[in-house]
Amino acid sequence: MSQIDHSSTPLARPAKGRGTMRILRALVQDRAAMIAACFLVLLILSATLGASLLASHASGVNMAMRNAPPQLSGGWAYLLGGDNLGRSLLARLVVGSRTTLGIAASAVICSMVIGATLGLIAGLRSGIVGDVIMRVTDVIMSFPALLTALIVLYLLGPSVANLVLVLAITRIPVYLRTVRAEVLEIRRRPFVNAARSMGASEFWVVRHHLLPLILPTLLTIASVDFAAVIIAESGLSFLGLGIQPPTFTWGAMVATGRAYLTQAWWVTFFPGLAIMLTTLSLTLLSNWLRLVTDPNQRWRFAKGGK
Amino acid sequence: MAIFRRSFLTLVSLLVLLILVFFLSRLTGDPSYLFLPVNATPEARAAFAQANGFDQPLVTQFITYVQNMLTGDFGTSLRQQRPAIDIALEAFPITLKLAGVTLAIAIAGALVMGSLAAWKPRGLVDRTVGLTSLAGASAPDFWVAITLVLIFSVSLGILPTSGMGGIAYWILPVIVLGLRPFGLLVQVVRGAMIAALSSPYVKTARAKGASETRVIFVHALRNSMLPVITVAGDIAASLMNGAVIVETIFGWPGIGGVMINAILQRDFAVIQATILVTAIAILILNIVVDLLYGVLDPRVRAA
Amino acid sequence: QDAAKITIVLPEEPPSLEPCDAKHSSIGRVVIRNITEPLTMLDPQSGEVVPMLATEWQQVDADTWRFKLRQGVTFSDGTPFDAKAVIAAFKRLDRTDVVCNTKQQTMGGVDLTVTEIDPHEVEITSSKPSPILPTMITVVQMSAPSMDMNGASRQPVGTGPYKFQSWQPGQQITLARRDDYWGDAPVITDASFVWRSESAVRAAMVAQGEADVALIIAETDATDPKMDYAYPNGETTRLRIATNVPPLNDVRVRKALNMALDLDALKPIVGDEVTRAEQLVPQNTDGFDAGLKPYPYDPAGARALLDEARAEGVPVDTQIDIIGRDGIYVGAAEMLQAMQAMWAEVGLNVNIRMFDTGNWLRYQNRPFPEPDAPLLGQDQHDNLLGDASFTLFNKYHSNGVNSMLWDDQVDQLIIKGENATGAERTQAFQQAFRRIHDDLAADIFMYHMVGYTRVGPRIDWKPTIATNSEIAISEMKLAK
Amino acid sequence: MASDPTPLLRVEGLRVSFTSDDGRVTAVEDVGFDIMRGETLVILGESGSGKSVSASVIMDILDRPAGRVEAGRVRLGDTDLLALPRAKRRAINGARLAMIFQDPLSYLNPAYSIGWQIAETLRIHATPGINPKARTVELLTRVGIPDPEQRQHWFPHQFSGGQRQRVMIAMALALSPELLIADEPTTALDVTVQRQILDLLKELQAETGMSILMITHDLSVAARMADRAIVMRRGRVVETGRLDRIAASPSHPYTRELLSAIPRLESDKRGGKSPTTDGPPLLEVRDLCKDYHVAGRGFGSARAMRALNGVGFTLMPGTVLGVVGESGSGKSTLARVLMRLESVTSGQALYGGQDILKLQGSALNRFRREVQMVFQDPFGSLNPTMEIERIICEPLALHPDILPRRQWRDRAAELLEMVGLEPAHLSRLPHQFSGGQRQRIAIARALALNPRLIICDEAVSALDVSIQAQVIELLADLRRKLGLSFIFITHDLPVVRSFADDILVMKGGAVVEAGDTDTLFANPSHPYTRDLLSASAIPEWMSQAVRASIA
């Protein structure tokens, strides 16, 4: 038997708080994940508070500061330089974060949720329902995203909701197929059978046995997708399906800066960097989450762990 | 048996796809605006529509399309005035080559790097591979492409700017195209491998005396392949649809550019022909991926 | 020898090399004056019509002209160039199986009949009196009678200094010098055309020596004064106002729109070399009025005008939509955003709606998709034919397919000019432009645009106003 | 035997600890032993006493870096195994050292055919003169896998528990290692096959001079095999010596407790059988048949393989039906079919008059609440990402009307205590337990709902005799108090004999003999049953020694 000091009676501790405490402790222990989490909090603050505070700075055209390089002298506004209409890049990054995060997050979450749900169904029902889902997925995969975008634009008109719809539809297949593949394997594992034998419904099995094992993979894909969605959005804006000016996203900032790449690298660089850092933070967090939830890695975050 | 059923169903999806593409693409607007000069008169537009059959009801147009298709006629490009299928078939091999090479490199690289990262999570390899691959995966592709051209072709003069040709011409396009697949796959491989490497059978392999390389690449990797091939399949499918940015920037006349132009130009015959070609490729790819599931995991095959 | 081979990098691959569609600039760049030649030609410097395959011409009556053909000219397939060939070339324009933009665009509504007088003289009759027929036919390429009449040609045969050699779809088109050309033998022996849609890459190719001419690069990529040429490209930009919809039907609002803009300050967005435009045609065009003065940049005045209109019940605060198209010219979207910001300064509520080309074009033509909406249409127009008639009717006449103006006076002036010649024609057109600009403020005129083209150090050549639509390789010399 | 003075393997002062949520936990403390060439050393001990952990240190497959060797040395011949660089260390595994794992069901790679996995050892340590293919078939034949030519292409999930264990054994024996570490190698084997395997090991030992380190809870196996034995408890070695000496004069109280189980095993009726009740039967199974379809290699058409062939029996409420039989005879399949985890080909199973195989909706739900199962593969049947608390509470959560939520935790703690585990372990994950501990967790989970019928598939096979006795006592108690019924699948004849009212003997998918326990044990009629009974029993010398020492 192991030599544990049982001086503190474990039963006294409430079961719930323990889990969150453990997660928090694990977060503090992983420096990279901690930084990522802080960055994301900062981002959310900038998208909520910052965006409202700086809205006017982001739209004021000032041709004198057109493509102004990053500088310390011009006050905080031109710390990161000015864009092609002389607007403060910093202010635009902050203001743009709201739409960017809003659109990308909703698109990624929509496609993930819809994809995962359908994938679960397709994985669990091998009959006609599963067939239909998978063949519809085939169709979506073979349908060019741009055409989807144009069609939605034509039929439903441009709006943020439709934009999210277009972005989400085109990303559904990855999640769907990934979830299905995992379900096909995991549902054969003995512990799923054990749960079934105890009377677990399909929903229970999904909720407690399948999803927890699949979720890390989904989150990994989703966090990388985040960048892809932002960039795809900027690609659509020239069709009029993207966000319409004067609203803008980081993706649109990168896209307009494209023409100035040789002259003013900072115009594309900073929004690009923002996209990159956001994606990076999300992925670091999802990587960390994977370790925390992995039974064989969890010790890393325990008291005596490295 | 299953495979026949699967192929049949796939044919059904292809048919549905063609119907959708036919009708929906025609909802995106009247091509006469694009093909006639801005000052064309309404009469000229009517004549144009008549000459191309756009004045017929959509259903009639579709029936004609299907009839012609059965005789091997996939329509004529409005813009190029030649068989649309020729245009698609000229471009597709280029896309296929580029996608194949890129994907092969990205997958191979991701399997190695992702496995090494998973071997010691939070270790040095994990951190470096993670950061660099993600930086690549989340950077806007055209930005990377142009920057690379400016650095390697203009400043250093060691690589050609663009065009098709020998190995040197492949380097930049493959890098740019491969960044996102690589970044995503590294993460997926890493995740799946972390789980696989703590499975009991890995201990068995170690107890047999398998080298750590063998443990990683033969035992754990095989069991982590389900999500990896799924994601790789998805990436492959999107590459089949063409890599527009890379194709246009580097002047590779692949199917992505053709398709995008056709869509923007409302060149319906070309839209249909290119989608037909890529869809067949994607559908075959999906069948292959599904078959691979069974090969990789016998428990799935039993289903 | 080797050095006389050049590579030209274009923005896009031509859809075909069909001579009758050479007005399509991506086709024209390869074909015009390299493979095929017209009977007459516009001198890009002076704007005058000069001889090409026709040596001289005269008007017989209101709708008949006679052209003497150049002798001793053969097509590259050996067929002699004669009256029969001219008839065949004009027949090509009338084909209905393919779209021949050339005819639609420049001869809208006018049918031309060619008859042989003798093998070296033809008579061209038009269905309507056409005082500028020699100008009109500058766009008609003389293609060989042997050319297939089915589909759009991908192997044109003409009388030009070069003959079509090969086309690797997607990759390149090559031309080779003809030995039996009727004119002076050009220096360049072989030319290949390649295409890259990315301006930075086109520029880089010339910088790298992979190409000798990079056509139409962005201002931002034109960074090397030794290689990069800026030149007026014949394009004029404007925002077209829906003059029939409130509040835009009030001339004070239209003037205020103009006065609220500091267009001089915005020049860098599209290129420092652009000049302010006050009418839709470039200089050297018959009908161009150099005396038109720009609206001053006067936000206060604009505000005053708006207040005045508002006081009279004009719904000045209605949201006005700009129908824009990204990529119509470099900086197009930013330009709109800057203008939007300036209008916001004077209290106008302007909203931008960007479209893809196909959709944007719907808003250009009658019947207009949203006839009751107060719209500003982003637009760019080129008139390279030296005569304002190619612009005025379509853009400003009450019956013009692109016109959003309904003004009797303008209509009369246009019709008067079209039927006149000489000073009378010029004056009528100028008066029309003046009324459109000064009295009606029917448009927000922006700039006469410039193009940038990069020419590598190996060759000696300067782009001209015509370069966007034709590149005569025979004019290129090797640099010493 | 111990003439060679230097031992083949010497373990000294081993201390191993693990990092877990509760900080560092020491699992093995100051463990040391020697094994001579050709010798068999048996490790007996309490479940969770560190036997498997010690073995995994020797094999260098400790969960690192969660587990850490804090002190101690392991020498193989002259080489210090813990100090070797990885590549050299790894070359020893499989060739000189081989291990049979305790949990054979989880330890095979699900993605490769078993033939491939056996041949892999041969390929890794490429030895001239050995043809991997032929050798694989030979090994499979020797461990008694039927139809090895065909079955080498099958995948682990297509084998029964005992068959997988034998595959594991074949794998370990592939290269005739110098030292074989066998961690509970016969837990899933019926006595006949067990005898066959033990004979095989002895044979090889005689042939090649192989040493064996055998971890077992089974005193009859120990008695059969051991030269020397050590006894472990709570991470420490509490007794070392020749087995006969230990049996004759145990020094540690735990050893005495362990040995005292022997007389009980031989005679005692612990079950306290209740007289068979009249009235409607609880479960009535008629003519069950089950075919598995096994795909040929590649995409060939599937072959049917009959796993159950006309199985039938009746179970009265409050009784225990023992199911014994050959490994691979369809016992687990029967259990899975009854639990509705697998479809049947034909047949009927009436539970309380209703056909289980046709139950739907709430009737099915009620059935699943009343009937619980303990799976043969305890590791696999516990979700690896769930804490024990959640695992044990899962049935309570599935049937929330039974107990209010806030009492779940206490109930879970209570259940853990009932099966001899510490409530402090509630927050641990399955992989942090020993084989026997996992098995007990599975039992605790099955008890959570106070079911009417529990199907136990080799539920106590990995438990040492003392804990096994404790668990059986617990089950018997429940049966007495609550009238619980059991279907008790086991290879352990003493256990069935003492616990079961009726016995079903299976072979090749069919019931070959059935009847009242006493009658059946007294005069078995089928040759296989006779064979089975004769194979069991603890050697006489041991019983005598033990009786003498305890008396």
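Think of it as A, B, C and D in the order they're written, each chain with its own count starting at 1.
Everything that follows uses one rule, which is that a contact is a pair of C-beta atoms (placed from the backbone, for glycine too) under 8 Å apart; a residue touches a chain by one contact, two chains touch by 3 or more.
The chain lineup, named per UniProt: A, B = Peptide/nickel transport system permease protein; D = Peptide/nickel transport system ATP-binding protein.
Every value quoted in this text rests on a predicted model; they were computed, and no experiment measured them.
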| item | value |
| --- | --- |
| Most extensive contact between chains (C-beta pair count) | A-B |
| Rounded Å distance between subunit A and subunit B, as computed from the means of their C-alpha atoms | 22 |
| Approximate Å spacing (C-alpha centroids) for the pair subunit A, subunit D | 46 |
| Subunit B and subunit C: spacing of chain centres that average the CA atoms, whole Å | 38 |
| Averaged-CA centre spacing for the pair subunit D and subunit C, given as whole angstrom | 87 |
| Subunit A, residues touching no fewer than two other chains | 150, 153-154, 188, 213, 261-262, 294-296, 300 |
| Set of subunit D residues in contact with two or more other chains | 63, 157, 431 |
| Touching two or more other chains - residues of subunit B | 28-29, 142, 146, 150, 198, 264, 297, 299, 302 |
| Touching pairs - complete list by chain label | A-B, A-C, A-D, B-C, B-D |
| Subunit B to subunit C touching residues, read off their complex | 28-31, 33-42, 44, 47-48, 51, 76-82, 87, 90-91, 94, 142, 146, 149-150, 153-154, 157, 160-164, 248-253, 264-266 |
| Residue numbers on subunit B that touch subunit D, as the complex places them | 3, 198-201, 203-212, 214, 219, 222-223, 296-299, 301-302 |
| Partner subunit B, residues of subunit A touching it in the complex | 30, 32, 126, 131, 135-136, 138-139, 141-147, 150-151, 153-155, 173-174, 177-178, 181-182, 184-185, 188, 213, 216-217, 220-221, 223-224, 226-228, 231, 234, 251, 254-255, 258, 261-262, 268, 272, 275-276, 278-280, 283-284, 287, 290-291, 294-297, 300 |
| Residue numbers on subunit D that touch subunit A, as the complex places them | 18-27, 29, 46, 48-49, 63, 65-66, 105, 157, 233-235, 336, 339-341, 364-365, 368-369, 372-373, 375, 377, 380-386, 389, 394-395, 398-399, 409-410, 413, 422-424, 426-427, 429-431, 445, 449 |
| Of all residues in subunit A, those that touch subunit D in their complex | 1-4, 6, 10-11, 15, 18, 22, 188-191, 193-200, 204, 208-209, 212-213, 293-296, 298-300, 302-306 |
